[in-house]
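Labels run A, B, C and D following the written order; every chain starts at residue 1.
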Amino acid sequence: MSDTLIEVSNLKKYYTSSKGLFKKLSDPVKAVDGVSFTIKKGEVFGLVGESGSGKSTIGKTILRIQDKTGGEVKYKGQDIFNLSKKELRHLRVQTQLVFQDPFSSLNPRIRVGDAIGEAVVEHGIVSKQEVRAHVLEVMEKCGLSPFHIDRYPHEFSGGQRQRIVIARAMALNPEFIVMDEPVASLDVSIQAQIINLFSDLQRENGLSYLFISHDISVVEHLCTKIAIMYLGNIVELASKEDLFNQPLHPYTKALLSAVPIPDPTAKRERILLKGDIPSPINPPSGCKFRSRCPSATNLCSEKIPEYREVNKDHFVACHYV
Amino acid sequence: MKQYVLQRFLQMIVILFGTSFIIFFLFAILPGDFIDSNISLTPQRAQELKSLYGLDQPILHRYLNWLGNALHGDFGYSLKHQEKVLSLLNKYVWNSFFVAIFALILTWSIALLTGVLSAIKQYSWFDGAVTFLVFAAMSFPSFFISLLFIKWFGVDLQILPIGGMIETGSENTGVSYLLEVGKHMILPVTILTLLSVGSLTRYFRTGMLEVIRLDYIRTARAKGLKERVVIFKHALKNAILPAITLLAFELPGLFSGAIIMEQIFNWPGVGRIQLESVSFRDYPVLMAFTMFLSCLTIIGNFLADVTYAAVDPRIRLR
Amino acid sequence: MSEMLLEVNHLVTNFHTENGIVQAVNDVSFSIREGETVCIVGESGCGKSITALSLMQLIPENGKVESGEILFAGNNLLQLTKKDIRRLRGNEIGMIFQEPMTSLNPVFTIGEQMIEPIMEHLFLSKKDAYKKAKELITMLGMPNAEKIIQLYPHELSGGMLQRIMIAIALSCNPKLIIADEPTTALDVTIQAQILDLLRDIKKEFKTSILLITHDLGVVAEMADYVVVMYAGKLVEEGPVLELFADPKHPYTKGLLQAKPVIGERKERLYTIAGQVPNLTDLKDGCYFADRCEHVQGICRKKQPDLTDVGQHQKTACWLYKEGAR
Amino acid sequence: METQSLLVKQQNSKTIVKSPSLWKQTYLRLKKNKMAMVSLFFLMFMFLLSFIGPYFSPYILDRTDVANMNQPPSASHWLGTDNYGRDILTRLMMAGQISLTIGIAAMFLSILIGSLLGAISGFYRGIVDLVIMRLADILMSIPGLPLLLMMGAILSEWKVPAEYRLYLIMIMLSFVGWPGLARLVRGQILSLKEQPFMQATEVLGLSDRRKIFHHLIPNTVPILLVVATLNVAGSILSESALSYLGLGVVPPTPSWGNMMDAANNFMDFRKRPWLWIPPGTAIFLTVVSINLLGDGLRDALDPKLRR
């Protein structure tokens, strides 16, 4: 058996906006437009992109919280869109999701202990009598105090709520967690605490993560493999070292140079992209990045660049690499 | 936008049919009809009339018949008034309409003014007083307030007429006629206004309170605009726009709100005819009037939604 | 050295909430010179935005500037009449906010909203105001000014709207622009464009900028002078190079170390333990004491005040007080 | 690392201020609202008066007393007597029982039908949703009072005995009331379903039953509570109007509305205001209190709306 955990091939997710009697054939929003990647056991896979890149959609689709439009997602070799109800329930235990906003991802009317423990009992992992002990154990792992167990979510700050959300996911002993911008709404000092917690949990439990973020410095810190997305496609995918030492796609280069560095003496050459991110409803023809690319040519507007392996394990979609 | 209007239009047609069927059905399950209750008819004549009116046929058939006639403007014949329902309604509807329209104008002006003022002076004594009055106005049973007003202004103080549209036997014409009618209208209009002003004031107050906390109001202030401009241009336009959709319910609401008031004030409007027809089992009239109000609501609703979509740039340009 | 444009002395702003009084800004002093960019940096709830809003006297209804002075070109803003403050807003002080998508009125066109301050403060006719609006749009690097002024806010992207906000702030040639987290809601590549634009404005018009941000990267790129706030207090201030080279206050140090930085590979991130204190329930002593690695007895008893450390740098910490140990 | 996590724990225990549960907070906030509290106490008084008051009354409900007809308020008859010599206060209290019961029962029925249909609509969507919502649209476009009048007329045609009429009135009122509630509940459920915490229940693999009963319903209860309160006020108003017109609760069963029928007699109206002013005032005060209480509840449940 290979050590591949998740295999995504040519995944597509389009949203159609119209409803009602007349199914108007409006252009769909191509949120994810043919994306392939694999995540190995124990790997921390980073997915970076700006708004409209489709990164969150991927996170939700590969957990089958949403339906796909096309392509395939395999978890441990099994197509997750072909599971029976029972198998799907089993998948729910193995895979988990941590949301961006710790305020809306906890039900305000359910106590912390119940939020963490309810699914554990439902899936029969721990009996009703033992659940409290189990919850306390998980809470301690996630840096929460025992007396928090009977509190309501509104009594906690953002960072602590995120710990609760993580504990809720960890209570099921999952193998794979999708982290959808889990630190985006947290302050720097709290963000560091949570990121360290992620590393600790990952190391101690041999977890695999899909870490979705717009913050490339956080991804660099945490991930081993990184994919850069632009308007529904992966434009570059490589190991952390390759991507940062030798970025190939013009978008990756621009993205890296745009991140402000907290060092006033740093002298960098900045690649300033012109214009706005185009709408995913009506993206540019050919290479979707061409409207902002500093080195775009006629070829780029005519032909969609092939997503190919340039170096070993380094994939790029650009005509000029 | 075009598609929205079309979709909304079709929806309206569906609802119109549904509503007319429900109203028809309710009358169809009545055990008696105006032929049964007319004891002067011989059984044979009754049977003839029944087949003449199609009353011996299955309900769906009767419904389609009635609908077909209604679409031609034929809503049947009023037994009590011995005339066609349509011409009967036409005769009385205007008396109700004028009261309603005056009340409508008054309600909206008062509600807009007090709603906005109490929102920008939130928690002031003015706001407190308005809030209390608003709740009082919303809680009065229409018949009780009508009776109280007649007692105070008509019976005790004797400054206003206690009912009717003109004095009995009055033969005034021209301006003096108008003045006389106007004097009789004061109490009905006041009461209708009072009954509907509360919830609308509340609506404007809440809307305004929501809007004045938004970012763009802060931006308007940061631009150094006069407070007057900030409130009455930037905030008010946003607070008023959604109220367009309420306007649809306003006119039919006033008509149906006036039913009891007209009865008490002996005002010769459709509301009073409506109540009369309940006690006289004059069901064609009752049915036509209910249908009239429902159509008014449904069409008004459609127009309001379309207007709102046309006025609000966020929807218009979609 | 250039003239002092704005001086804030001992500013105190409180909020009255259900849970008691919140001291959002607690005895804060700083100043801005002409043509200088000052950054106030801190985490959410530290009072940085309220400080900015206090200058413009735009704080929400339940808040109040309790004491202190705000000297702008020699006048104390807190003593001006409402009318005079209004004349200042949008005219001598322009402001940009965090959320460009909600900061413009959805039912008026871009043009209608741009000409308002121009007509109000520069007394131009409507026609001339529109002309000026179009010039501003072109100047800020947006093509198609003619078309843009006819559009409604929801038809533009966040980055474009923020440019429009900057154009509005600039329209009356202000001496000071207050930018409250102007790029937080934007994507990284758009953020780079906006920061670039602000730098150009500073260069070209010699406008002073007060930039409020939580992002130390933005501070390093934009600031001449930095003010660090924590729990409503000013904990450290200094010129950007000195402060980043040698941060003194344990909080500033912690912030700089806790942020992952591109190209700087660390095994673990440094963390500041605990949570930001609840502002309704503050104890005596330094507000950072509970989270500080170097906490000592006096920290829990008495609040430190700002002391000079280094040439232009100041910090409020007992570690740098002589004889405090 | 070790010391740091220890510090985190210490911190956690310190920075959290112990605060009461959501319901308790709501109660505390409501307690601060003077108008709502006065209303609450008045309503409690009204209930006691209507349901317990009659036991302390020396008069029997339907006992006519020819010697004491149309007496104005006095020491023995605090609110006077009517044309049959019956004590007005006693009748007012008994009528209160009927009116309040109808109002509350109609509310419960409307809530039951409305929230059930609304929840089904919002949770399962599809064709069920379409049918339920169109039905609601249709019923909502027939103005309430004319619809009630028609149904009242049907009751009269069927010659329903007076003692059963009040049950049918309840059903009629809820028939008019449920569509609005169904829409509200549906809207609530649709917006809740978009909340990340509902997506979390999906990821956690919780059963539909648990999703509905532990996550969705408890979050719709607050708004339902407010609407239910206001619905009682509406029902009492509608019932009184119907009864006043003789189409609702009919004598001999007393209700506040049909007691006001006295005002239809011109002599009684002019000369004997004690016949009709007390029931009218009772309706008004009860309804105003319920409205103020409902508004107070709304503020207390959703503090965001206030500041």
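Just a few scattered comments:
The definition used in the following text is that a residue touches a chain if its C-beta (ideal position, glycine included) is under 8 Å from a C-beta of that chain, and two chains touch if they have at least 3 such contacts.
What you see is a predicted model, and the numbers here were worked out from it, not measured in a lab.
Comparing per-chain C-alpha centres with the mean over every protein C-alpha atom, the closest match is chain D.
Counted by C-beta pairs in contact, the busier of A-D and B-D is B-D. Subunit A and subunit B have CA centres that are 55 Å apart.
Centroids of subunit A and subunit D (each the mean of its C-alpha atoms) stand 48 Å apart.
Subunit C and subunit D have Cα centroids lying 51 Å from one another. Here the CA centre of subunit B is 24 Å from the CA centre of subunit D. Annotation for subunit B: no residues touch two or more other chains. Along subunit A, residues 157, 160, 193 each make contact with two or more other chains.
Chain contacts: subunit C has residues 61, 268, 271, 273, 275, 291 touching two or more partner chains. Put simply, subunit C touches subunit B in their complex at residues 56, 58, 60-61, 82, 86-91, 94-95, 97, 99, 102-109, 116-117, 120-121, 152, 154-155, 165, 168. Put simply, subunit B touches subunit C in their complex at residues 122, 213-216, 218-227, 229, 234, 237-238, 241, 312-314, 317. Interface of subunit B with subunit D (complex): residues 11, 14-15, 18-19, 22-23, 26-27, 29-32, 132, 135-136, 138-144, 147-148, 151, 155, 252-253, 255-257, 259-260, 263, 274-275, 278, 281, 286, 289-290, 293-294, 297-298, 301. Of all the residues in subunit A, the ones that touch subunit C in their complex are 50-51, 157, 159-160, 187-193, 195-196, 199, 214, 216-218, 220-221, 244, 254-266, 270, 272-273, 276-277, 292.
Residue ranges on subunit C touching subunit A, taken from their complex, read 43-44, 157, 159-160, 187-193, 195-196, 214-221, 223, 240-241, 244-245, 254-256, 258-263, 265-266, 268-273, 275-276, 291.
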